[in-house]
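Lettered A, B, C, D and E in written order, each chain numbered from 1.
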Amino acid sequence: MVPVNYYVILSAVLFGLGVIAFVVKRNIISIFMSIELMLNAVNLAFVAFSQGMGKLDGQVFVLFVIVVAAAEAAVGLGIIILIARNRQSLNVERVDLLKL
Amino acid sequence: MTAHPILDSLWIIPLLPLLGSATNGLFGKNWPNATVNTVAVGSTGLSFLAALEAVREFFQLPADQIPFVKAFFTWIEAGKFRAGFDLQIDQLTVVMLLVVTGVGWLIHIYSTGYMAHEGGYYRFFSYLNLFMFFMLILVLAANYVLLFVGWEGVGLSSYLLIGFYFLKKSASDAGKKAFIVNRIGDFGFMLGMFLLFRTFGTLDFQTLFHNVAQQGWHREPWGVFGTMTIACLLLFMGATGKSAQLPLYVWLPDAMEGPTPVSALIHAATMVTAGVYVVARSHVLFSLSETALAVVAVVGCATAFFAATIGLVQTDIKRVLAYSTVSQLGYMFLACGVGAFSAGIFHLMTHAFFKALLFLAAGSVIHAMGGEQDMRRMGGLSGKIKYTYGTMLIATLAIAGIPPLAGFFSKDAILLGAFKMEGGHPLYAVGLLTALLTSFYMFRLIFLTFHGKARYDEHHVHVHESPWSMLGPLAALAALSVIGGWVAAPALWGGTDFFAKFLAPIFGSGEGAEALSEMAARNLEWTLAGVAIASALIGLVLAWWMYLVRPDQPGKLAKSLRPAYKTLLNKYWVDELYAAAVVKPLLWISRQVLWQGVDVGIIDGTVNGIAHGTAGVGDGVRYAQSGNTRSYAVWVVIGAIVILSIIFFWPGSHATMGMVR
Amino acid sequence: MNGFPTTADIYRVLPELLWCGFGTLLMVLQPFVKGRKALTTFAFAGAALGTAATFSTGVHGGAGFYGLIQSDAFSVFFHLLIGGVACLVVLAAAPYLERERLESAEFYALVLFAAAGMGVLASAQELLTAFVGLEMSSISSYILAGYRRTSLKSSESAMKYFLLGSFATAFFLYGIALVYGATGTTVLEKMAGGAPNGQAILLKLGLSLVLIGIGFKAAVAPFQVWTPDVYEGAPTPVTALFSAGPKAAAFALLLRIFVTVPAATEFWFWAFWALAVLTMFAGNLGALAQSNVKRLLAYSSIAHAGYILVAFAAVTAMTQSGGGAGPAYAAVLFYLLGYALVKLGAFTIVSQLGGAGEKYLSLDDYAGLSQRQPFAAAALSLFLLSLLGLPVTAGFFGKLYIFKAAVNSHLIWLAVLMAINSVIGAYYYLRVIVVMYMREPAAEGAPMPMRLPLPVSAVLVVTAIGTIYFGLFPNQVLNFILKPNLLGALR
Amino acid sequence: MTPQLILFIVLAALSVVGALSLILQKHPIHSALSLIVVMVALAGLYLLMGAEFVAAVQIIVYGGAIMVLFVFVIMLLNAGAEEYTNFSKLAGFAGVPLGIALTGFIAAAIARSAGTAQVSGSAAVLAPTRTISEMIFKDFVYPFELTSFLILVAIMGAIVLAAHKEE
Amino acid sequence: MLAGGHLLSVLVFFPAVGALALLILRGDDQVWLRRLAMTVATAEFILSLGLLWQGPAGASGYQREEFARWIVQPPISYHLGVDGISLFLVILTTFLTAISVLASWKSIEHRVKEFFVMLLMLEAGVIGVFLSLDMFLFFVFWEVMLIPMAFLIGIWGHERRVYAAVKFVLYTMTGSILMLVGIIWLYDKTGTFDLPAIHGMLQSGAIVLSPQAEMLLFLAFFLAFAIKVPLFPLHTWLPDAHVEAPTAGSVMLAGVLLKLGTYGMMRFCLPLFPDAAHRFAAPVAMLAIIGIIYGALVALVQPNLKKLVAYSSVSHLGFVVLGIFAFQQISMQGAVYQMLAHGISTGALFLLVGMLYDRRHTFEISEYGGLATPMPKLAAFFLFIALSSLGLPLLNGFVGEYLILLGTYLAHWQWSAWAATGVILSACYLLWSYQRVFFGEVTREKNKSLPDVSRREQWILATLSVVVLWMGIGSTYITRRTEASVGHVKAQMSRDWAREALRSTGTPACAAEAVTSLNPREQGCAPRALRAMVDPAQPGMAVLPKGMR
């Protein structure tokens, strides 16, 4: 028997790690991955809550999240390819034409 | 047809000159001088006739209708305040009216000759008529506001006429100076009016004086600064400006930049006496404040002496006359100050005659000398321009106070008044001394100009007598200067003391009148008269000795008392003082402190500072926009933390804060 | 377990369905249809139909799909707004796409999908549905932002928008998760009761994270950082869409959350207060020094988000002090309406003047525009004046109502701060007008197309007339949005 | 110390370690692999909670589809190890601390909430999959349909963006 | 009757329609543009004269009103009305517009069409401000008229025109936005924007503003108006705006726009917030007096003729504000009159300066000198106008100044005394500059051959001079019409005035008199109550007449 809060706190930690990853990583793909990490954290929270309350819709949400994540992945990777093609670098810090 | 047509349409008297002025001003540019003359002289002449007729009708009026007030239309009206275009005529007005129109007319005639060869002929006469208009408004006004109209108006016309030769900087300066100094006086005059209105709720002479009587104001003793005193002093401030008394006399000497007829008419005969007129007109108020009267007397006396001293050493013939004018005006104020109003007015009249005559004669001299005004380059003219010489001599005798000419009686009356007034002896003494000085510098003028050997080079300057158009008026004024005095000749001289009696309804039964009764007074008068005559003669003799017998004396004297001489010559450096103490600092402060300092520096500085500051912050905000996605992410995180901390750590129920009910 | 959805449910979401349907059709038909005109017409027809279909939602008011969505006056208003935006964007984009040689079909399809997503947001009554709608509009927006593939700026803006967008989405989602954890549901109405004791803090946290997610979409400081870059980089018609559409939708969702979840209003007052001030200053100050018109307008739209937040602060304050917050909602709605009109018009002009490859975006290129393009210059100045909030423009009334809301709820100081900001704003709006009217055109002045293409002028006429009309006679709109039960009405 | 708890701790540790390595790895491919570790661990947790369906989807869609896509793209662009530029001062200095702060914030808030409900490990409590499917196709049919359009958009987007097209 | 019952609306919108008509005309056909503009302006002027026939002259309320609902929520109505105060200001506006059109006949060459459009729009806006009785409407027009003016300065101005235009707008906007907040706040308290309605509520005490609120509201309104006037520390936009603006712009700016501020004070600040007005009377008067002296002194040393005139406006408007805040029937009527007089004479001065500029393209006084010789007529006109501006009796300047000073004196003799120095200074700067420009020998070659006034200019100036003279002599024609309205404004303050007086002096009799009767004997007393209220330690009781001691 594991209290729900454990799971939720774990999700919080993972979410935070995702945030940190987003800020720390330089490679666009890695940054994107950190977003996925955050989404996973969300999923964990959803599942934990749904199981905790014995309601299933939480798991339905997880499915939606995953679908959306997939869609984002498609588009995101498309954009990444575009960037890579336009300027031969995946370093997010080098993409700062628009500023001030 | 009413009994007195002119009185009922009193406006005709001032209106005529105005029409003349307008006509000449608008259309006269291309007219021949003759036409301009006809208009100008005609209009003034007509208004003179109208005035005479008005006076005739006035004498037929029953006593209860005097003063005769005629309201024409309301000019300004607001709340309880009403200022109407109301003209009134009473004894005082009659005197002024005749003097103004008569002398004015004569001087118009004179000018036609004098100005014949000047440019802007039409302009000159337009201005001159305009002056007549305003002066008549001034004397006919039935309330202070309308009087103020004339008051400012004559100031304007004098500004225009002094600056008539506007190509000369000195001329335009003098004009400006005259106007502004007068404005300083008017400042006081206005405040005086305000105070009167606030106190009595009206500015009409009759109602106001009536209210004064009604409310039973007691006479404010010396040293008390009650309403009445302050009002009177404020009015007197205006008078000092207009009538060139200390400390505002400075403009009058400079005003001699104007054409000589102007000096004669405006700066000798009429306008400058307006101050005296106002004081006399408001005598009801003045006589309720000993302080005010004393101030008037002292200022007048001081001015008389002060100006006379300056007059001693002036070499410009017109300036001598100018200072003498200032001095004589001082006399008039002295008279008013000691309560001898009728004497003051009397002197005003006689002075108008002989001083106008002096100026005109001087003008004729200048004319003869081809524009020369410096007496040191004249001399021995008596033979060449007898006529002018004659008239001018008469005028000089008159002003010097040699009986039986006009000046004697008036001046004698004033001195008598001063002597009679308790504590008036010092005033009397100074007055007497001034009389001596007067006769001295006047005869100095005569001797320097007409006697001795010619000090000008005869080849260039060919002296010639002036045309009749100029000599006519001289003659007329000379006559007046001779006989003018007798209208007021006291019984003592076998006269009827008509003038004092005539003005009695206004000033109360004259000072002289009851004094006549007993013996002592009579003896006193004799002695005073004798002393006066003596002093006049001393002055004459002194001048004769210094400038004809021993012509080198003045130079020596000047050397021996150099400082005094210089001081007098430079008119006590008053102009310089004013310039250094008032004008320059004012300009400096305005330019450096107010304009550059406050306006550009502080205010605009602040505004622009704020603007730049904002822009600076704006740049700061822009630099948060580094274009780097990572920092953007950090911004989002920061925002998240901010929101969370606000929501979690903000004290209490929040919405009530930050509200203003 | 509920039964299957009824036809009424279908009617309630008809606009979205139509938009999505036409979007799909566009993609399907694209290979067969030659010529852009046809596609444009078709897309426009789709957008217009969807907008018209709002009528059906109005008729079948009430909750749909087991309370996932709610069609009421509120959603009707926003559907009309969004639909209108979509129509105008389609029109404005037509000549642009032609000039830039970009495929029309996908573009229009994406616009329609985005519109659908926003529509969902406007009517969503349940957080997950809202999330899906949000994603739908966002993902289409990401793609649209990068639509000019070859341009570095465009791709960069796409990347930034995408990364940060999904970053924020994650917050939003996590917020939903927490709310769900706290209340056991994601349906707003069911949360009305608040959370069981002990879970309140979770609800608080969740709602705050939701706020962050929405705040990002609505370009609220400090989540506004992406806005200028993305707006500048994206193709201008897309920028027009961004500035008008998502912001409206996001605020719609926020508003709905407020009204239905009173728990939300309790602790958000100061958050809104601070965010409003922050956003206003960030926008206006940032705009001061801009020389690129597109960017300047981007900053200005941040500032306007700030003004709208003032109204939100008023809403919270009022619902707290028990007063009816109706006028405040009305303020938000009306403001969004006027704002959308104006921004659409302005960006349309910018896109038109930008010329091929968006060369002429700097302020100097606008020097002396009044001589070269009097109509465009006049229209642009009208829009700018409306943004500035001068009378007889819609923007003025918007600002007026927000002021009014603020003052009604006694937020005098907030109102004063807003006033100060309006003055700062006045400066840079005037700068543009000054340049257009008071500066002579540069010698080698940017070559301007002397006559505007028909669709563009159509857009301009509509927006301009709308701006003035709502500036003079706001009555109808007001009557509509001032319904006592604006939300959940038509039931 | 029930077996579930031990299992939980293990899996949690694994996921956290994976996440950390995602951060610390220089090369995208390694990051991707560590992310997969995280996902698998999460799948394990789902199982532990008795949400088999979700666990399965997690493995199939996430681990299978999405991560493969990632790896594929990495390969395609043969992205090398990331270069450690530090143009962003803000992120450089404040990034990590702030991230930790945020985490702490959220975690603390959750910890303070009274979520004492226990997660029963036994999957038999409810037969989820059937119910889930019913919910999807009834209660949540509308968002579900929307997601289909969403996918459509995504596909189109990928095409539009990635398509080579020289003019 | 002209235009049936809608004369006011016609007055407001006729110029706008004219502007639209101009827009339709072809831009290059300048002759017809000018003619049409002139026709419109003249027609408008004649129409505005129709106002004089309205109702009983000086009926205390509004002689003529128009009302229509405009916006339901908040209840904003289209409510126009004219009373003695606005009546002549409207006529002044139409008159000066016509003059400006005539004045810019030749001097405006490029973008003629836009110019006249802007001018007419400006006229419409200004008239709207003067006529609207709905605060909201008022604000709308207030903002609307801002833009054309800014354009007039910014497009047709001189070198630093853009700076001036932006400065002008930002200054005004700062004030007006705060005023908007104030208006809305007032609406929040009263529930209406309708001015008479709000007056009613405040008078009847149906609405009582808390002192703090009233103070803030007063300041919100006052700031906007003070900037417009402009009052002393807020005046620095004026010189720039004037120097850079084209002649017509300056004429409208000085002639009409500045009056909007003082008008607003009379229409809003005083009647709506009497207590606050009384509380602030002293500081405001101080600022006004500072403005009078300061403006005059700065004008004295201006090397730039147009700037000089601009600063003289600061000085003259100071008189107006002083008159208003002396709260005396006389002074307030004087203020109204001074507004009109200043409009005419300063407008004329700007025209003259503009004519000089047309000939020499400089405002530097040092560039001129001795102009009386080449152009005597211009010199004569200039002198005439200058005299009217320095308040020579029988010319329009005098009446206003005199009444203001007199009225102020009744309440606060010190104020009046200080202000009166402005009369001296005005003479100084005007005559000095006049001397430097027109007197003396012609120094510069260029000036020797300057043409005198053309026929057109002569007509303009002659017309103005006639008006100047007429206003100087026939002032009662105007004052009789303004009297009742001004009295009305004053009455709206009196209630509180009495209360204040009671509270401060505790001499009921005196206070009562102060309110009821205007007899000067008590006049002196009411101010004492007032003065005691403003600052108890006021010197100078000595000069108060016996009647009161």
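Simple rule for what comes next: a residue touches a chain if its C-beta (ideal position, glycine included) is under 8 Å from a C-beta of that chain, and two chains touch if they have at least 3 such contacts.
Since this is a predicted model, take the numbers as computed values, not measurements.
Counted as hops between touching chains, the shortest connection from chain A to chain B is 1.
Shared contact partners of chain B and chain D comprise A, C. Contact with both chain C and chain D is made by A, B.
Looking at C-E alongside A-D, one finds more C-beta pairs in contact between the chains of A-D.
When every chain is represented by the mean of its C-alpha atoms, the one lying closest to the mean of all protein C-alpha atoms is E. Chain centres here are C-alpha means, and the one lying farthest from chain D is B.
Ranked by separation of Cα centres from chain A, the top chain is B. One inter-chain figure worth recording: chain D and chain E are separated by 72 Å, centre to centre, where each centre is the mean of the chain's CA atoms.
In whole angstrom, the spacing between the mean C-alpha positions of chain A and chain E is 66. One inter-chain figure worth recording: chain B and chain C are separated by 78 Å, centre to centre, where each centre is the mean of the chain's CA atoms.
Chain B and chain E have centres, each the mean of its CA atoms, that are 36 Å apart. Shared contact sites, meaning residues of chain A that touch two or more other chains, fall at 4, 8, 15, 18-19, 22-23, 26, 31-32, 48, 50, 52-53, 57, 64, 68, 71-72, 75, 78-80, 82, 92-93, 95-99. In chain D, the residues touching two or more other chains are 87-88, 91, 95, 98-99, 102, 106, 109-110, 113, 115, 139-140, 143, 147, 150, 153-154, 157, 159-161. Annotation for chain C: residues 128, 132, 135, 139, 142-143, 146, 149, 158-160, 163, 167, 174, 178, 181, 204-205, 228-229, 412 touch two or more other chains. According to the touch criterion at the top of this document, the contacting chain pairs are A-B, A-C, A-D, B-C, B-D, B-E, C-D, C-E. Within the complex formed with chain D, the residues of chain B that make contact are 626, 628, 630-631, 633-635, 637-638, 640-641, 644-645, 648. Of all residues in chain E, only 210, 212-213, 216, 233, 235-236, 294, 297-298, 300-302, 328-330, 333-334, 370, 372-373, 387, 392-394, 398-399, 402-403, 405-407, 409-410, 413, 416-417, 420-421, 423-424, 427-428, 431-432, 435, 438-441, 473, 475-476, 479-480, 483, 518-521, 523-524, 542-547 touch chain B in the complex they form. The touching residues of chain A, when paired with chain C in their complex, are 4, 8, 11, 15, 18, 22, 28, 31-32, 35, 38-39, 41-42, 45-46, 48-50, 52-53, 55, 57-58, 61, 64-65, 68, 71-72, 75-76, 78-80, 82-83, 86-87, 92, 95-99. Across the complex, chain B is touched by residues 159-160, 163-164, 167-168, 171, 204-205, 208-209, 211-212, 215-216, 221-223, 225-226, 228-229, 267-271, 273-275, 281-282, 284-289, 316-317, 320-321, 409-414, 424 of chain C. Listed in rising order, the residues of chain C touching chain E in the complex are 327, 330, 385, 390-392, 396, 400, 403-404, 407-408, 412, 415-416, 419-420, 422-423, 426-427, 430-431, 434, 437-439, 473-475, 478-479, 482.
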